[in-house]
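Here's a structure for you.
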Amino acid sequence: MEPLTNRSKKLEKKEMTFAERAYLPAIAQGLGITLKHFFKKKATIQYPEQTRQRSDVWRGLHVLKRDEEGRERCTACGLCAVACPAEAITMVAGERKAGEEHLYREEKYAVTYEVNMLRCIFCGLCEEACPKAAIFLQDDKIAPARYERDEFIYGKDRLVEPLKTTETK
Amino acid sequence: MESLFFFLASLTLLCALMVVISKNPVHSVIFLIITFFTISGHYILLNAQFLAAVNIIVYAGAIMVLFLFVIMFLNQGKDSSAEVKTSTLSKIAGAVAGGLLFVVMIAALKDATVATYDPESFNSQIGMVENLGMVLFRDYLLPFELASVLFLTAMVGAVMLGKKETGETHF
Amino acid sequence: MESVDLIYKAIYILVIFGITLLIATYSTYFERKIAAFIQDRVGPNRAGPLGLLQPLADAGKLFFKEDFIPAKSNKALFIIGPGIAMLVATMSSAVIPFGDSLIIGGHEIFLQAIEVNIGVLYVFGVVSLGVYGLMIGGWASNNKFSLLGAIRAASQNISYELAMGLSLIAILMMTGTLSLREIAEQQQGFNWNIWYQPLGFIIFLVCAFAETNRTPFDLPESEAELIGGYHTEYGSMKLGMYLFAEYINIFVASAVMATLYFGAYNFPFMENLRSAISDPVLANNVVTLVGVGVMFAKIFLFIFFFMWVRWTLPRFRYDQLMKLGWQILIPLAILNIMLTGGGILLKEYLF
Amino acid sequence: MSDSNNDIKMVEAPDGISGAGFFATSFEKVIGLARKHSLWPLPFATSCCGIEYMATMGSNYDISRFGSERPSFSPRQADILMVMGTIAKKMGPVVKQVYEQMAEPRWVIAVGACASSGGIFDTYSVLQGIDRVVPVDVYVPGCPPRPEQILDGLMRVQDLAANESLRRRNSPEYQALLASYNIK
Amino acid sequence: MATENKTVELDKLEEFRNNLDLKLHNKEDQNLTTLNLGPTHPATHGIFQNILQMDGEKIVDAVPTIGYIHRAFEKIAERRPFYQITPLTDRMNYCSSPINNMGYHMTVEKLLGITVPKRAQYIRVIMMELARISDHLICNSILGVDSGAFTGFLYVMQEREHIYDIYEEVCGARLTTNMGRIGGMERDLSPKALHLIGEFLKRFPKVWAEFEKMFNRNRIFIDRTTDVGAISAERALSYGFTGPNLRAAGVDYDVRVMNPYSSYEDFEFEIPVGTKGDTYDRFMVRNEEVWQSLKIIEQAYKNLPEGSYHADAPHYYLPPKQEVYRSMEALIYHFKIVMGEIDAPVGEVYHSVEGGNGELGFYLLSDGGRTPYRLHFRRPCFIYYQAYTEMIKGGQLADAILTLSSLNVIAGELDA
Amino acid sequence: MELTNENVLGKIIEKFGEENVWDALNPDGIMTITTNRETILPLIQYLYDDEELQIRFLTTMCGIHYPDQKDKELCTMYQLHSFRHNYRIRIKVYFPIADPVMPTLTNLYATANWMEREAYDFYGIIFTGHPNLVRILNIEDMEYHPMLKQYPLEDQTREDKINTFFGR
């Protein structure tokens, strides 16, 4: 077939020379390369003792953020659940009662907020969908492996950011 | 030494018998290999170490591997446990033929005498490579060379047979 | 033979057996480490310090793994297969001279389990039997991949045995003996056979790779094609025995190559060392012990080479392997025999 | 330990009282340690997670540090079945068959969302988690998990292996578990 | 309807498998053996089954079975708003997800009539070419693994980790990138990402040259691959080959040149073509394409234009977070986009990009709703894998395996 | 000759007549024409054989389901490509779901084999003359064609999701 474009580049194939036919030079060259690597610095990161640097935007384990005053930011608008392609987020909204202003920032809050970590694909769409900057995928934590299925339903107890010690006092 | 000989001899006979009796061809081949081993044992008893080694290398190490190879190849698609049906007639025929062979052997061996060895002229190195080489290349040079020509012919024939298959050969 | 000699011999055999097993065990470790180092990794390092207990962990696990015999397999042969492989592999180290003689209490002990004057043939014969283990195991598994592996093993071993034997003949012509000890003794000092038989050595090396089923000739067990080849159906210690046998074979092949071509326990300037020590008994013993060390160093180098090659080269295809064996190596080996013969005649004629 | 002593009902001596008991427990520990450091995986890689497994094998993470670099594609030789990737319903019986072919002791890791629960593929053709066909010991979340997480999962199995009693595989509970999956 | 009971269904499946075996056994000839290659065979990187009929080591016939990881992408796509389909495309050809992501985005942009600024286009080009490199890396090094040389694979895998580092910096994930958004990129290239790309451009050529040294002229490798699994240009076209596999057969069809998208017309590069269409040609074409991709990245990296990294399309591209917190208008757009309430125009679009394996096409049919009415993926793997049977017939088992890995069949893309 | 939508359409209509080719649209720069079952094979053959057109590459092919269009419930879409002229064309055929039969393209394009099997698998379109029309992606004894709009996407055995919440 004649070329369709003027950009094609035919790969020329050289016949093997006698030396190449005799196997040995290529073998010697290969052995040389591998031997060079034998003495090279090793690339291994010895997890778990060493951890590899992750980028700041890494999409790791979810966290429900609190604001500066230690109140939960989430207002249970449900956008994250809608945006989730894996349907991993379940939440039940509730009205904030009087006297709970120090706990929840908005008038509505999530009574239950569950992320099924086994379903979750860590695509980050929930974080992007959140209008209140409440849910974040942390870059420094990754979801750990566990033995039981139930342990992967992360409720609010495990998702909400712990109160900073300076704020509890 | 004598007990060793009898042990080896009986083992040889037993295994040889098993070669014929076993239904599974692979088992037969394996018994045949053991037979070769015991025969090599006999060679060693006779102080013919070279022959023993060659027997193992050539027969057990190469020829029987080929046997096994072929049997495995032929056997692969089929159920190996299928019983081979033999008719009564063929059984009778087999018994008669075997019996005749037995009679012939007895007839041949009944007058044979067991040779004794003479400590005076005994040469412990008789089975060694050097002596064997001497005998082969001095006394029996012509037969040896003829045999090698025969082998060459056989080899050429085998290659020709192998080439006969149209298209490329494989396996 | 005196009883003291017998006892020494028995001890020696046990020691050699132990060393063989130890080397085979730790070959697995070194294989993993060398592979790792070649591949810019660190390799096993969590089982014990530097991962040194790794082979023991593997062995422990394999021993206590469920012993599984596939339902459709031929039970007896399935068990015999790895047994033969292991037996044959351990047998072959018997005639290797690991060192010269030691003199202990007036007894001269040769560091060789059995001295037979057909040592080369013995090794050759025993090695040629090794394939039975693979064949029987592969056949008995009643698995098509295993069977293919077994068939490949058989044809490969037969083909390369020929070239190996022919390359050996050249060296036998040179040395004029079949005894490994004599061959070793002839290579006094730095007078190694490799200087006279480079071509023969290369042929022998290639065949040794093929006989031990190592890359680039690991077709019987090639992972990408046959999953595990002949040992696909094997688990637990029976698999362990196959793997073990492979490493013992490498050890033996290395030892044989060191003996035949690289002067066995001989090392340069050994006579200088011998004459440097005044006490002849002590001198002999020191030289022997150094020789043993040299022998093992050579063996380890070869083992390293085996592994180095494995992690560098792609493997052959079946027909190419056959072609290499029959159309290249055998003619080359015959040429080598002729050259050697010519050389010997020339030497006789000239001197 | 084969199934040879299946039928014999043994009363377990309290550990550490008699010498034999002491021996048995420390022996168990040694074997546990051995198993821990020699877990040969069967990488049952079907999709994306398989690619991350390649990275785990690769030089940067190097699964061989745990003694697990020998991938046994034959189930007979493997200790852990690492199911990585989506298992469609068409594939379900294959997973089960592979699991059945594995010799005891065997462990299963479900790597990644798809293998653990179906992930985003909540569809007619995808098995919603391999624990519907084989018992799973460790789940690794992520889609795909980072190699660190796969190593985490492996270490969880190591913990299991190190502490497992030698008799566990013969226990009635274990048999019942297998029976519930219809595995003989 | 789908059956409710899982056990019944699984039993049925077992029956199905047994039937399959039976069918094959009936076919069994006297001297032929059937060999089941897959679905879990180590060389089928991914899951597909090939039942081979063998005469010794020679393959007489093959019956491929696929669908072992059929995940119903096209069905899911009909139920998801446009922006939620990107994660699906990640998982199609997972060796080069960014190409899939961006191909899909471009398709939707075509439907919505969005023009993406130059900078975003250049960033896309960089990412797509990185993805191509990583795809070819895997394919070619796996070819090495299948031919028995494991080490080269690990050498280039280290380099792939560096590509992943770049991805990670750009989108926050390694493999299933979910990179970019409809209308541009999710975020601009950070200085660190730019630095990483620069580093990569400096280091990678050496690694790749070393890899080439290990294989290209090694006789064992050449012998293993030459004339293995060859396919002529005519057959390849009839089978719908595209991408490196078609180019290896000598047809210089490349979507990037024929129908340039995302500013590919700005870049200088060549299309390597082979002659015989055998495994060695495919290997060499991919090798050369890696060099060409490097060239493209270098050009894009040097000439990266200033400007915005996303289109000005408030109806489809999420407003910046800071604005969402502040302004009501942005919040409303934000809600509407996330809820998928903004309807797409009625229409149909076909857009194709040069994926790792060939022309990756997206046929998008919209009825004006929040989800695509029909989204059909033209998956190159699915299309050319059917030629595999023809390609391996008459070869040996080892050839079949190398052919398979040189075709680079990705199960996720094959079954969709 | 530079191929444009106009002259290609002109050639096609000249050959096959207005009654067999209608609805020529240009939704995205690719000409889309509709034809009937009788004409589709000759049409594609003509596009292949014609020396000027040289439309010789079947890019893709898929089924589409329109449950609301009476007697035109199913559609197959063929997209062809001429490498020589870099020209794409899309051809559609509508037919009733009660009679889901189409002629096969396998004699012309080898690649149509699996594409048609896929369309059969997904939509139940029966391609007459196809050498091996069995399901390709799904299990062989599946009882329905999953891509038809009336069937649900979800796996019916899933338990861990509350459908009512934000149910799609």
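Each chain gets a letter, A, B, C, D, E and F, in the order it is written, and its residues are counted from 1.
As a working rule, a residue touches a chain if its C-beta (ideal position, glycine included) is under 8 Å from a C-beta of that chain, and two chains touch if they have at least 3 such contacts.
In this text, all values refer to a predicted model and were calculated from it rather than measured experimentally.
Enquirer: Any chains in contact with both chain C and chain D?
Expert: Looking at chain D and chain C together, the chains touching each of them are A, E.
Enquirer: Name the chain pair with more contacting C-beta pairs, choosing from A-C and B-C.
Expert: B-C
Enquirer: How many angstrom lie between the CA centroids of chain E and chain F, rounded to a whole number?
Expert: Taking the mean C-alpha position of each chain, the two centres sit 23 Å apart.
Enquirer: Taking each chain's centre as the mean of its CA atoms, how far is chain D from chain F in angstrom?
Expert: Between these chains, centre-to-centre, one finds 46 Å.
Enquirer: Report the inter-centroid distance (CA atoms only) between chain B and chain F in whole Å.
Expert: 70
Enquirer: Please compute the C-alpha centroid of chain A, do the same for chain B, then give the distance between them in whole Å.
Expert: The answer is 70 Å.
Enquirer: Residues of chain B that touch two or more other chains: which are they?
Expert: 73, 76, 170-171
Enquirer: Where in chain C do residues touch two or more of the other chains?
Expert: 35, 38-42, 45, 144, 223, 227, 311-313, 318-319
Enquirer: Among the residues of chain A, which ones contact at least 2 other chains?
Expert: 4, 27, 30, 33-34, 37, 42-44, 46, 82, 85, 87, 116, 119, 121-123, in rising order.
Enquirer: Given the complex with chain D, which residues does chain A contribute to the contact?
Expert: 42-48, 51-52, 85-87, 116-123, 142-149, 152
Enquirer: What part of chain E is in contact with chain D in the complex they form?
Expert: Residues 2, 6-7, 9-10, 13-14, 17, 39-42, 45-47, 67-72, 75-76, 87-88, 90-91, 94-95, 138, 154-155, 157-158, 160-161, 164, 174-176, 411-412, 415.
Enquirer: If we count contacts the way the header does, which residues on chain B are in touch with chain C in the complex?
Expert: So the residues of chain B in touch with chain C come to 24, 26, 30, 33, 49-50, 53-54, 56-57, 60-62, 65-66, 68-69, 72-73, 76, 128-129, 170-171.
Enquirer: Across the complex, what residues on chain C touch chain D?
Expert: Listed in rising order, the residues are 32, 35-36, 39-47, 51, 53-54, 56-62, 64-68, 70, 223, 227-228, 231-236, 239.
Enquirer: Touching chain A in the complex: which residues of chain C?
Expert: Residues 34, 37-42, 45, 308-309, 311-313 of chain C touch chain A in their complex.
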